[in-house]
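Below: one structure in C-alpha cells.
The chains carry the letters A, B, C and D, assigned in the order they are written, with residues numbered from 1 in each.
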Amino acid sequence: MELEESGIGEECGVFGCVAAGDWPTQLEVAQILTLGLVALQHRGQESAGIVTSNGANPPTYSTHKGMGLVNTAFSPEALQKLRHDNLGICHTRYSTTGISELQNCQPFVVDTLHGKIAVAHNGELINAQALRKRVMRHGVGLSTSSDSELITQLLALTPPMEEQDTPDWVARIKNLMTETPTSYSLLVMFRDVIYAVRDPYGNRPLCIGRLVPISKLYSSGSGEQDTEGWVVSSESCSFQSIGAKYYREVLPGEIVQLSKHGVKSLSVVPRPEGDVPAFCIFEYVYFARPDSIFEGQMVYTVRQRCGRQLAIESPTDADVVSTVPESATPAALGYAQQSGLPYIEVLCKNRYVGRTFIQPNTRLRQLGVAKKFGALSDNFAGKRVVLVDDSIVRGNTISPIIKLLKEAGATEVHIRVASPPIRFPCYMGINIPTKEELIANKPEFKDIAGYIGADSVKYLTIEGLVSAVQEGIASTEDKVINVSQKRVGHCTACLTGKYPVELEW
Amino acid sequence: MELEESGIGEECGVFGCVAAGDWPTQLEVAQILTLGLVALQHRGQESAGIVTSNGANPPTYSTHKGMGLVNTAFSPEALQKLRHDNLGICHTRYSTTGISELQNCQPFVVDTLHGKIAVAHNGELINAQALRKRVMRHGVGLSTSSDSELITQLLALTPPMEEQDTPDWVARIKNLMTETPTSYSLLVMFRDVIYAVRDPYGNRPLCIGRLVPISKLYSSGSGEQDTEGWVVSSESCSFQSIGAKYYREVLPGEIVQLSKHGVKSLSVVPRPEGDVPAFCIFEYVYFARPDSIFEGQMVYTVRQRCGRQLAIESPTDADVVSTVPESATPAALGYAQQSGLPYIEVLCKNRYVGRTFIQPNTRLRQLGVAKKFGALSDNFAGKRVVLVDDSIVRGNTISPIIKLLKEAGATEVHIRVASPPIRFPCYMGINIPTKEELIANKPEFKDIAGYIGADSVKYLTIEGLVSAVQEGIASTEDKVINVSQKRVGHCTACLTGKYPVELEW
Amino acid sequence: MELEESGIGEECGVFGCVAAGDWPTQLEVAQILTLGLVALQHRGQESAGIVTSNGANPPTYSTHKGMGLVNTAFSPEALQKLRHDNLGICHTRYSTTGISELQNCQPFVVDTLHGKIAVAHNGELINAQALRKRVMRHGVGLSTSSDSELITQLLALTPPMEEQDTPDWVARIKNLMTETPTSYSLLVMFRDVIYAVRDPYGNRPLCIGRLVPISKLYSSGSGEQDTEGWVVSSESCSFQSIGAKYYREVLPGEIVQLSKHGVKSLSVVPRPEGDVPAFCIFEYVYFARPDSIFEGQMVYTVRQRCGRQLAIESPTDADVVSTVPESATPAALGYAQQSGLPYIEVLCKNRYVGRTFIQPNTRLRQLGVAKKFGALSDNFAGKRVVLVDDSIVRGNTISPIIKLLKEAGATEVHIRVASPPIRFPCYMGINIPTKEELIANKPEFKDIAGYIGADSVKYLTIEGLVSAVQEGIASTEDKVINVSQKRVGHCTACLTGKYPVELEW
Amino acid sequence: MELEESGIGEECGVFGCVAAGDWPTQLEVAQILTLGLVALQHRGQESAGIVTSNGANPPTYSTHKGMGLVNTAFSPEALQKLRHDNLGICHTRYSTTGISELQNCQPFVVDTLHGKIAVAHNGELINAQALRKRVMRHGVGLSTSSDSELITQLLALTPPMEEQDTPDWVARIKNLMTETPTSYSLLVMFRDVIYAVRDPYGNRPLCIGRLVPISKLYSSGSGEQDTEGWVVSSESCSFQSIGAKYYREVLPGEIVQLSKHGVKSLSVVPRPEGDVPAFCIFEYVYFARPDSIFEGQMVYTVRQRCGRQLAIESPTDADVVSTVPESATPAALGYAQQSGLPYIEVLCKNRYVGRTFIQPNTRLRQLGVAKKFGALSDNFAGKRVVLVDDSIVRGNTISPIIKLLKEAGATEVHIRVASPPIRFPCYMGINIPTKEELIANKPEFKDIAGYIGADSVKYLTIEGLVSAVQEGIASTEDKVINVSQKRVGHCTACLTGKYPVELEW
C-alpha cells in the first residue's frame, strides 16, 4: 500500500522449478510454481504468467497468463491443465504505467529454429533503446515495448542459427551478456532445462533452493539424495512456503543450469577490470521481504541495523519509539534497542481499505493516508513519539499520519527515516517518481519538518546505510560469495546519481 | 486468516449514516457508508449490502448487495446510483456455512402497510426457533433461515397494523425487545430516520460517531454546530477512516434515533431485576479491531493487559518474547513489558498466501499454516522463545509454527495464550467449532504441550481475563456508562458454559 | 429482437420435472430442467432460477438463480451440485423494468410450519394490490414487489396452519384460486410432488409431457411403463429438446399432481356460471414458439391460417409475398398460399447485431432497425412486394425496413399485418407499451401507410383473428378439452378492451 | 451452429474504416468498426480485436482485444477510449483448435524502424512452414503460430530497413506477394493509411464500401462529395448495418490505399502466366452471408441457382420441399421453384439452445442435433418431404433430423444436398475435418441413404456447382472484374483435390 502511495516499486519477480529424479514426476510442479510466485507477489501485482514444459524433445509447453494478483490470474482450472508437467518458470509483474496489458505479461515464449524457448525477466536493460534499434534494423518487428521480448529476440539473433546446429543456448546467453551489462535476472527454459542468469553487476537478486521431502524439512543433515526438485527465485522468502531449503545465490555474471540431474554452474561472465558488483541497495531498504536472504544476510537484520545506525546518527529526546506499519518495524525495533527507548505500537492498519476501488472526492481525499490507520491513542497520549519510517519519497503520506498522532495526544512527533533521501531516477528496474516529484529535490525539503508537521526529521546517511548493509556481509559464512567476488559493492544510484555503468542518454 | 483456520468468527458488522442539515445533502453518504463498512470488514467477508433512502415521504430506497468483500460486492457503477441519497444503512456478513447465498445478504427491506423498512442485524436471536414457529403459525412464510428476516417479520406483526395508523416503529421495536432478550445490535431505517438498537444485555457492540468537517477533524473543541452527519457502527474503528469522531455507545437496551436533526435517545428497555449486562468478552479478546473502543476503553489496551496478566500468572524462564502476527501482538508486548524480557519478531507473514485459491494436496497440505510464515531466524537462533498467541481453538495451527521455529534454531518454544480455553458453543452470534472440535475438550488437552510440540503451554485464567477487561472500565471516564449501568458484566459463556439467559433447547 | 423493439413481451416461463420410478433416479433431472428452460427462453431473458429437491421427508432443496440467459445464469458448477436430485422446478423471467434485481428471480422458496415449498409463477394477479394489502394487514412484510412472493404468502396464510396438521396444499391452492381468478400458471413443489395449477380462465398456458427412453422416442406405441419421468411446461416446444412426448394440457382451473407415481388430476376449480375461458390470444399471435401446441393445435398452423385469412380480407395487387423474419414467416407463407403469389425472401437478418451492447448515437441510431437486416435485392428489384408482419405495436421499426426495400429496388411495398391493432393495456402478464405509445391510439394511425412510407397497410380484423384461432380447435381431436370445457373462449382484451374479469381500478 | 457441428469453418473476417475529410473527424470510427465487425461475426467467433490510429506522424495507436463474440470482447468502456480516432482496422477470429489464446488475437501491431504497423489477415499462407523457417533462420523468434505474425515479420524483414529511409510499405507488400502466392486478404494500417491487399489468386474475399450521410443513404445519385468515410470488409453484408454503400471489390493481386483523400489502386500483382483466379467456391456455398456480393452477384442468388440446378440434376417424386434452417433456405426455395413442388417449413429452430454450455451426457447426447429443432408436424404429416441441406460434411447431424421428421409423420424423407461431397483438406484458410472424418471418404458413403436413414440422398455435381456459380458472373455488370480479369476461375480443391498452386508437403 505504501509502495503505491510512495510511487516507488519493483518491476518484477521470477520463479522456476525443476522436478528431480525420474519423470513424469510426482511433484506438483505447477502448484509449487504458483505458491512460489505468491510469495513474490510483493514484487509485482499487475499480472502473472506461468509456462510449464513436459521436458520431452521436442517439448510441449503450456502457458497461462492473466491480469492481477496470482490468485486472480491463475484459476484452478488453468492450473489443472499444467499439473502433469515436469518443470516450469513463472513471473509476476509490477504495474509501471496506467495502461497495463496482457500482452506485456511474461514469460515470453518464442519459436526458433532450435525450438521454443521461454524467458522470464526481472530488471531493465540499461541500453534498451540502442538494442531495440539494432534488432529492428535487422528486420525484426517488435510487438511490445518490453525488455523481455527484446531479450528473447537477441537470444534468437546472435550467433546466426542453422537448423542443423546443436542448440547452444549458453553461448547465446553469454553473447547477450556482452551486449548488455545490466540489469537482469533471467530464467530461460528450453526443453528440460532452466538456465538461471544474473547480470555481471548482480543488480537484481536471484537464488536457488532445494525441495526436500516434507518429512525431512524439519530435520538437519538431509543430503542431496533427498532432493525432490530444484527451485530458483528472485527471493529466498518463497522457499519457506513450498518446503524448500535455501541453497545458494546465483553469482553476478553466472549462468546456472537447473535440470532433473541437479544444479550446475556453467559460466561466470566477468565485469570490466576494476568494476565492483552493484546489487541494488534498495532491495535491502525497501523491496525485499524481511525474511529473504541476500549476500548471506537476512534482510530483516539489515533493516534492524539501519535502525540502530539511525539511532546512533540521530538520537532523540523522546518517550517512545514506534513504526509506520508494517515495513518500518525492523528499523523501529533497531532504533528502540539502540536508543533504549521503549517500543510501542501507535497505529493500527486497516488491511482492507487499500483494496477498495473507491475514488474518494473532496472529503475522503482530504483524509489521505490517515483513513487507512487507526490511532492507538492509549499507548502514546501525552508522550513524545519517535516514528520510524523506511523512506520518504514524495512526502505526501507522512503528513496526515503526524496530524493523526498529534490529534490523538502525542505531544511531539519526531520522524526518523531509515534510509537516505532519494534524489535520482533508476534505470535498472525500479519505478521511481520523476525527479520533480521527489521531495528531496523540492524547495520544501529545506524545512521538511515544518512542511510535514513534524517536530524534527532526520534521514539515515548514505555512509550509514552502506555500512549497515556491508557490515553483515563481512561476517557472513557464505564462502561462495567471498571466494568468487572478493569485493563487495552496491548500487546507490538513486541516492548518489552514480550509476554502475555509463548511461547512453 | 487465523480466524478462518481457528474456525471461530464474528457473524456480522452494521453501519449507518444520516446527513445532518438541509437535504439534499452535499455529503457523499453512499461513499461514507462504503468506507465505514470496509473498516468493519474483519467482522464478515461473505457478502455486503447497502440500502439508502432519499428520506422523502414516501421514500425511495435504493439497494445494492453482492457476494464477497465490500470492494467486490459494490462496484463504482452501483454506488454511483446511490450517491444522491441522504441516509442509509449497510451490512457485512460472515460466512457461517459452506453454502453462502446472496439471498441471506442484508439489509432486508420489506414493505408494510406503513411503507418500507430496512433492517440490518448483528447477533443471533437466542430464541429464534420458537419465534420462527410463532410467525409461521401466524401464516407467514419465511424465505430465508436468517434471523434478520425473522426480525423484520416480527416488527411488521406486532402490534397489528392498520393503514390509517401513524407508524410507531419505536413501539414495535420495544415489543420485539420483550419477545427476544439477546443478542442483537440493530439498525432500522424508515423514511428519514435510522433507529439504532442494542439488546438489553448489550451482547453485541454498537456506537455512534459524529462526522465533522475535515478542516475541524484535527482540532479540538468543535461543537455540534460543525456536524456534517451522524454515523452508527458496530465498532468505532470505522470512524477514523471517514473523518468521524467517537460520540458514545448505544447503551444496552437503548433505542437511539438518528436523523438530520441529531441523535436522540428514545428509550432504554430494562433487563429483569438482578441481571447484569453481558457484553461478549471475546470482542475484546479476538474479534474487534484493536483501535476500537468498548465501554470507554481501547481494545488494544485490554489485550495488552491480558498479556501482562498472563506474565504474572505464567512467568517463563526464557530469552525473548514474540507474537503470532498480527492479532497477538498487543498481548505479546504486554507480556514482554511485564516480564522484562525483550520483545522481538520471529515470524514474517506472507500477506498474499491466504488469499490464494490453491487447495494443496499432499506436500503442501503437510506444510500447513507454516507456508504462510517465514522464520526470522537471525532474531532467535540459539534462544529460548516465549510465543504469545491470542487463543488456541482447535490446536492444529500452532504446531507447524513451533516446528518452524525450532528448525530455524529456537532452543525452546513456550506457548502463552492470552485467553482461557474455549469449551462451549456460542448461541449469540459467534461461530465456534463444535464441542468435539475444540482442543480443550479433547483427551490430548491433558498434555497439550507434548501434543503441539511446545516446551510448555499456559493459558490465561478466566479470572485473569475478566479482571484484565474490567480493570479498565472502573477507571474509564465515560460517565454515560457508569451512570446508566452502575453494574458491569460480560458474557463468558464459551469459557464457562454460563449463558446470560436460559437456553430453550 | 423484434419483441424488444416493439416493447411487448411475455412475463415468464415455467418448467418442472419429476423422475419416475425408484429414487435416487438415474435421470439427470437438473439437466432436463435446464434444457427445458432454454426452450422457454423466448418467454423471458432477464433472469433464471432453479430449485431441485431430493424428495425426502423432510426434503433437501437446492436453489440456484442468476441474471441473464439460462446459460449465463446457470454455470456448469452450479448445476453439478443439483445433479443428484429427483425433482425440481425452474423459471425464466422477462425484464419488465429497467432495474432488474436478482431478488425478483423465481422460483420462491419459503419455510412454513409444514416445511418448505417452492413456487414458480407465470402470469399477473389481476387483484394484486388488494391482496398485498390483505396480507400486509395480517402483519406480513413483503420483501419484493412480485406476485410470486404474494402467492407464496397467500398459500401459507389460509387456512391457518398448525404444526400437527397434515399438510394439505391442495386445499390451500384451491383457496388461493378463490381469492384471485386470473392470471397464473403455477408450479408448487413440496417434498416429492409438484402441483401444476392453471387459473380458472386458463389465461396462461401450461402442459404436461412424458419423458420416454431415447430408444423409444422415435417409435410409436410406447406405453406409460416406458416413462422415465414427467415434465410440465409453459409450452410444449420444450419437450422435443429433452426427448419428451406431449401428454396433455393442464385444464383451466385444474390442479394436477406430478410425482414419481405419475400424473393425477386432483381438482378442477370452476369459473362463475356463464364465463368462458380466456386463453390469451396473443400467445398464438406473437409469444409462443411456432412448434408449441395449444388447445390441440400447433401455433404455426394458426399463424398460417391468420396469413390466409389476411389474404382473403386484404388481397393485394403485387408480384411477390415476403416476411419480416423470422416470426412472421408462417403468416407470410399462408398469405402466399392463399393469394397464389410467389413467396420469396427479401431480408437477411444479422443474428449477431441484436446482442451488441453498442448504444449508437447520431448516425447509427438513424439507421434504426435497418442495421439488423441486409436487403436481398436480387429477389425483388423491380417488383411489387407484399410484406407480412405479425404485428405493428409502436410503428417505429417497420418504417426503416420499407425504406431499405425501396432503396434496394422494390417498386411498391404493401404491409399486411397478421393481427389486429393493439389498443389497450394488458393486466394479466403481458408487458405492453403505454396507451400513448401504441401506434393504433395515435393520430398518425389514420394515415398509417403514409406515416411509415408504405404503399398500403392492412391489419387482420379481430373477427378474422378469432376465427383463424378457433377454427382449428373445433377440429382438434384432443378430446379432453372438448369434454371438460365444452366452450371455447379467448382473451382479446388488448384488442377490444374487454377484460375477462372486472378490473379493480 | 451447424458450422460447429459439421466441423467446417471460416478462419477470419477483417474490417477497416478511414474517415474522409478533415480530421479530427466527427465520424464515430470505433463504433463503425465494431458494428462492421459484428456483421462479420459468422466468419469467426473465437476472439476479436481492434486497432485504431489518430493518423498523426508519429501516430498513436490504441488496441483492444478480447475472447469471444465482438460484444463480449469489446466493452463500452474499451470502445470509449478509441472514439476520437480517425481510422482503424479490426478482426474476428474462428476457433480452429480447442485451446484458443488471446495472444493469437489480431490485428498484430509491431514496431519497426519506420514506426508501428498494424496487420489484420484472413486466409492461410500455403507455404507458411517454409516462410517460418526463413524468418527464424534470419534470427527472428516467433511468438505465436499464427500466419499473421509471420506476415508482419516478413513485411519488416524485406527489403532491409534503414532509419533514414522513407517508409515504402507498398514495396514491402509487393515483396510479400512474391514470396507467398495465396491465401490472404490483408489490411495493413500505417499512420493515416490503410492498405487493402488481396492475394493474386483472389482466394479470400475483400471489398470496399463508401460511408454516406444517412440522409443520402436512401436516395440514388449521391456522388463522392457526400462521402463521410471509406470502409473495407471481408464481405459487403457489413455495409448495410453501418449505412455504407457497396463500392467495388479489391481485385486479385491488387493493393488499394484507403485514406481520408479516398480510394486509390496502387498496384495489381499478376499471377504466373496461364493461371486463373481461384476464389474459394465454398464462400458461395457455405460461409458468406447470403446478402453479400462476390464477383458482382449476390450469394443468395447463387445458392438459389444451386437449388435449381440440383432440382434439374436430381428431381424427386415427392409432395413438399423444405430446408434445414437457416442456411439451406435459398437452395430449398430454388429447388421448390424449379421442381414446382410447394415450399413449406418443417423444422423450427431453438435460437437459444446452441449457446448453452451444457455437456449433455447419455440421454441428451443421444438426442443429438434434434434437440435444437421442433418438428412442425402439421405441415408435413402424411407427406413425402424433400429436405434440402447446403452440405453434408461428417454425416452425423442429418440423421437425427430425418428420424424426427419421420416420427412426426413424414412418409418419406429425401435428402438433396446443394453442394458436392467434400473429400479433401483445405490449406488456404478453411477449417475442414480430417480426411478420415469426412463422410464422403468413408465406406458408409456407398449407401449414404441407408446410413442416415433417408429414402434417398443426392448431391449437386461439381459441374453443376461451378456452372451455378459462374453463370451469374457472365451476366454481371461489374465491369471492373470483366476488364481486369478477363478469366473466371474458382478454387474447388476441397471437392476435387486440385489446388491452385502446388503444395509444398
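As a convention for this text, a residue touches a chain if its C-beta (ideal position, glycine included) is under 8 Å from a C-beta of that chain, and two chains touch if they have at least 3 such contacts.
Chain-to-protein mapping (UniProt): A, B, C, D = Amidophosphoribosyltransferase.
This structure is a prediction, so every number in the text was calculated from the model and none was measured.
Chemist: Along touching chains only, what is the step distance from chain B to chain D?
Modeler: When the steps are counted carefully, the minimum from chain B to chain D is 2.
Chemist: Which whole number of Å gives the spacing of the CA centres of chain A and chain D?
Modeler: The separation of the two C-alpha centroids amounts to 49 Å.
Chemist: Just give me the whole-number Å value for how far the CA centre of chain A lies from that of chain C.
Modeler: 61
Chemist: With chain centres defined as C-alpha means, what is the inter-centre distance between chain A and chain B in Å?
Modeler: 37
Chemist: At which residue positions does chain B touch at least two other chains?
Modeler: none
Chemist: Just spell out which pairs of chains touch, all of them.
Modeler: A-B, A-D, B-C, C-D
Chemist: Tell me, which parts of chain A touch chain D in their complex?
Modeler: 63, 101-103, 108-113, 117, 132-133, 136-143, 145, 149, 152-153, 155-158, 160-163
Chemist: Taking the complex as given, what residues does chain D use to touch chain C?
Modeler: Residues of chain D touching chain C: 27-28, 31-32, 34-35, 38-39, 41-42, 69-71, 75-76, 79, 214, 217-219, 237, 240-243, 289-292, 297-298, 300-301, 329-330, 333, 337, 342-345, 348, 350-353, 355-364, 366-367, 370-379, 403-404, 406-407.
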